[in-house]
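Sending over a structure as structure tokens; questions will come in a sec.
Going in written order, the chains are labelled A, B, C and D, and every chain counts its residues from 1.
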Amino acid sequence: MRFRVYTRLKYQVAGPAYFLMNVAVAKNKLQSVLEESFQTSAKQTEEFTLDPAGKRIHRLTVGDGNLEISYQATVECFHETLGVDSLPVLSVDALPSDVTGFLYPSRFCQSDLLARLTVHQFGSIAPGFERVTAICNWLYKNVEYLGGVTTSSTSAFDTATEMAGVCRDFAHLAIAFCRASGIPARFVSAYAYGLNPPDFHAHFEAFLGGRWLLFDPTRLAPQTSLIRIGTGQDAADTSFATIFGAAQLQQMEIGMQLADSSQPAPEYTVAAISNLPSFS
Amino acid sequence: MRFRVYTRLKYQVAGPAYFLMNVAVAKNKLQSVLEESFQTSAKQTEEFTLDPAGKRIHRLTVGDGNLEISYQATVECFHETLGVDSLPVLSVDALPSDVTGFLYPSRFCQSDLLARLTVHQFGSIAPGFERVTAICNWLYKNVEYLGGVTTSSTSAFDTATEMAGVCRDFAHLAIAFCRASGIPARFVSAYAYGLNPPDFHAHFEAFLGGRWLLFDPTRLAPQTSLIRIGTGQDAADTSFATIFGAAQLQQMEIGMQLADSSQPAPEYTVAAISNLPSFS
Amino acid sequence: MRFRVYTRLKYQVAGPAYFLMNVAVAKNKLQSVLEESFQTSAKQTEEFTLDPAGKRIHRLTVGDGNLEISYQATVECFHETLGVDSLPVLSVDALPSDVTGFLYPSRFCQSDLLARLTVHQFGSIAPGFERVTAICNWLYKNVEYLGGVTTSSTSAFDTATEMAGVCRDFAHLAIAFCRASGIPARFVSAYAYGLNPPDFHAHFEAFLGGRWLLFDPTRLAPQTSLIRIGTGQDAADTSFATIFGAAQLQQMEIGMQLADSSQPAPEYTVAAISNLPSFS
Amino acid sequence: MRFRVYTRLKYQVAGPAYFLMNVAVAKNKLQSVLEESFQTSAKQTEEFTLDPAGKRIHRLTVGDGNLEISYQATVECFHETLGVDSLPVLSVDALPSDVTGFLYPSRFCQSDLLARLTVHQFGSIAPGFERVTAICNWLYKNVEYLGGVTTSSTSAFDTATEMAGVCRDFAHLAIAFCRASGIPARFVSAYAYGLNPPDFHAHFEAFLGGRWLLFDPTRLAPQTSLIRIGTGQDAADTSFATIFGAAQLQQMEIGMQLADSSQPAPEYTVAAISNLPSFS
């Protein structure tokens, strides 16, 4: 499907500062950028790509005053639907070595502390597609989607008990449950179609049957509309802006439309779905 | 029933120190001390009683060297079984004013953080005797009784997720669930019959129908064998020893026997039971 | 000094609910109420007094709809200035027994976790008036007074590291440092003169030389203008409103004036000062 | 310098399990393995290398019963001493892109929560070699090296307040202070000469002047004796054993000797020192 996405950000900066911006869409075999522009009032801008999923960072060097950032792109993305039967659960000895890194606890996903709760809540369900689906359903049913009750330091350990939060909190808890189940899992930041109000979105991926499958326990946007921006351990390394220096966000606008209004609208699915090519 | 209880404690003390010992059994209308002795090598000892439940503190002034404490008592205690039907749930406006203090979160029972989890887990059960029983059953079934996985700083918030611990952890989480349900609840330290290995025990009380009812989610000792020592918000103010100064526990012995071997053995019950007289 | 204080609160309530309001000024020998009124749209109101410091609770029974509470009083309060030389530090064995309860850690003042930090930061200062003053000065100098960075679940343990917060966070950390120093300390909610914007205030008391002395590490209001409302372990049991049921605060107004404009304005002091009579 | 290192581990395993062992010494340009052997009773063993620092994982597939692992190696390592003047602090815009990942908070190093404390404690020291040295000195002076007070879930946020711990706690807090200073920092597990009792060691690296410099705030072993095993965000991804399944460590032996007794003994240094080659 083809989408147009854009974001405009305005910061007030005091003194010299550096920004690591992660707002450009990732480039990989299943997601390509047809055209894009990244404009900024920064003194200096450098772009680099960080991982196989195609995460792109714009590193800005900024002085005193206003900083404006404007990004827009037209993106083509493919979401592959996979037969669940072709998704055998990989045991640890069959995981690609670079995937094992997503089995460890991280800043916001303390899977080590959630080991017993995971067994208690999900121990009776085979640890594969069915368990990840059960984790998502449990979150959707039991955790209240609610702004303003969590902060940027809220973690999966908190949400397991406090049971309310926003998309990043849902993703963190789901990831922690997966890792505690022995399933590699990671955080994905995204543009998502139809969010109200429009905002950056967060969902997660679990590694099953040799593929990174996409899951969104919030059910706030059709999976086929999720456009990958960044991929990482959790929100700690997948923020749209990491700032070194003193800066205040003053304005933020974000939007997403169908690039071609004649194409069918994105749809929800309960199938296994991936927007990253297989490893091989 | 009549029991003989004793404890012997040995500390290594460096420099001047003060101990607030809470090992003597409480005295109240349903629990009387037939004879007892409290012996110590402390320089100075003073005893005072703190609350209506009869909590007794021995305050010791200690110098350098060994401190030995030896306590033994013969106790007669009554546990009243109450008809559940005579236990209407008291709404907040009907609580005795000094009971309202046990509705607040405390050091180890962060009921404020457990509000949603309580609704999620127990919201469908009427908040009275039935709910407190459900809380105890849930703890017994889901939290693993396991030494060495928790420390003296583990709290209800931790145990809600980590799901393992010892008697004080069980009591803390039960109390937090009760308070989050609007039911006053508090921590009780106790001598308990038949613990293996022998140790101080912890259980809790919930205020229902105008009475403090006794509950023990660990099911490690028959309720009619629980001899009250201290009563408080949680383990923070109900420790058997609070020490000001540098001291190391070196030896601890504790024991409990039937005072009269011809009396029937203590028994488990699922009835509502209290070992404190009614307020009136 | 004489002050006029008032507060007006408006809540939106869904379903039956109970409120424990703690907005009326405390009554004790050094603080008397010349006239007051407490008006509310609640179905039922009951008042009770809880402790020797004179904390007063209005317990409201409320139905669906708007709840309005309006309180105003004219208060006369005395703040005694004490010679520091007459404030020998009391060792644990000389404390009144009901004061020992303020040596324990509580929900928001985890003095147990702050033991080493206290020694490290304040160990070289004798644990008496001088140390409590040093604690206040340290807080004033090092913790940034900043709204919006803490929440109602922020505790002393957090503030020790995060180093920013509002009056309740300052009081919590100061109390934790005191208790970890072996000095009984407790939380006081208050009306305070000249706050901008007007709000309820929080400060703390430390027990030295047989008296509860008043300290305010925020330095936001002259000590002689602090009118006691509630006294407790920490904000957990000293909130201006504890609500059982579903309610939303919609409006809050609070104010304080000199009752007699010809009297001298309240002043800051570095002396030892108390607004509670001596125990005797 | 040349060293001989060895470790022998014995586990009791129940059911099928997978182990990711990280006990083999890393291989890179400044650290080479002259000879080694890795023996195990596992059913299947696979080795892979994970990062530019040469971290090596042995992935074991294990069945019921005892698992024995025995590793020994003779290693030659070089530690380069660098002139501090040749270590300009790199601003964020000059960092290699793969180094930026070590600026983010992680499971045990919550640099986001330590931002103000870092400014407060170290804000007056230029953020370069001097600041990292100050961080190490502060830790050495103020945090007590003490076994048994921390657990495997203790984090930098805890240690900042609790001020006691072992080598991994020292490394975690140092890393958090560095990242909060804008200095990339990471965790290193190591064999270290002269530890008493012998054990795996942990220290950390900070990225300064285009090099990963080595720091050890515990001062428990001469820096030139530190043999790198693993490198990672923190102990979460740098453990000597990550186990999937039920297993109990039953025995652990570890040792390190000079390979050639005629060589000079390893020495402590206050110079800037690195055991990884420069990026270029």
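Criterion: a contact is a pair of C-beta atoms (placed from the backbone, for glycine too) under 8 Å apart; a residue touches a chain by one contact, two chains touch by 3 or more.
Keep in mind that this is a model prediction, so the values were computed, not measured.
J.: Going by the touch criterion stated earlier, list every chain that contacts chain C and also contacts chain D.
T.: none
J.: State, to the nearest whole Å, the distance from the C-alpha centre of chain A to the C-alpha centre of chain C.
T.: Going by mean C-alpha positions, chain A sits 44 Å from chain C.
J.: Just the number, please: Cα centre separation of chain A and chain D in whole Å.
T.: 30
J.: Just how far, in Å, is the C-alpha centre of chain B from the one of chain A?
T.: A distance of 47 Å separates the two centres.
J.: What parts of chain B, by residue number, touch at least two of the other chains?
T.: Those would be 113.
J.: Think of each chain as a node with edges to the chains it touches; is that a line, ring, star, complete or other?
T.: Basically the chains close up into a ring.
J.: Sort out for me which residues of chain C touch chain D in the complex.
T.: The touching residues are 113-114, 116-117, 120, 142, 144, 157, 160-164.
J.: Name, in rising order, each residue of chain C that touches chain B in their complex.
T.: Chain C residues touching chain B: 18, 20, 44, 46, 48, 50, 57, 59, 61, 91-93, 97-98, 100-101, 103-107, 110, 112-113, 152-153, 182, 233, 236-237, 242, 244.
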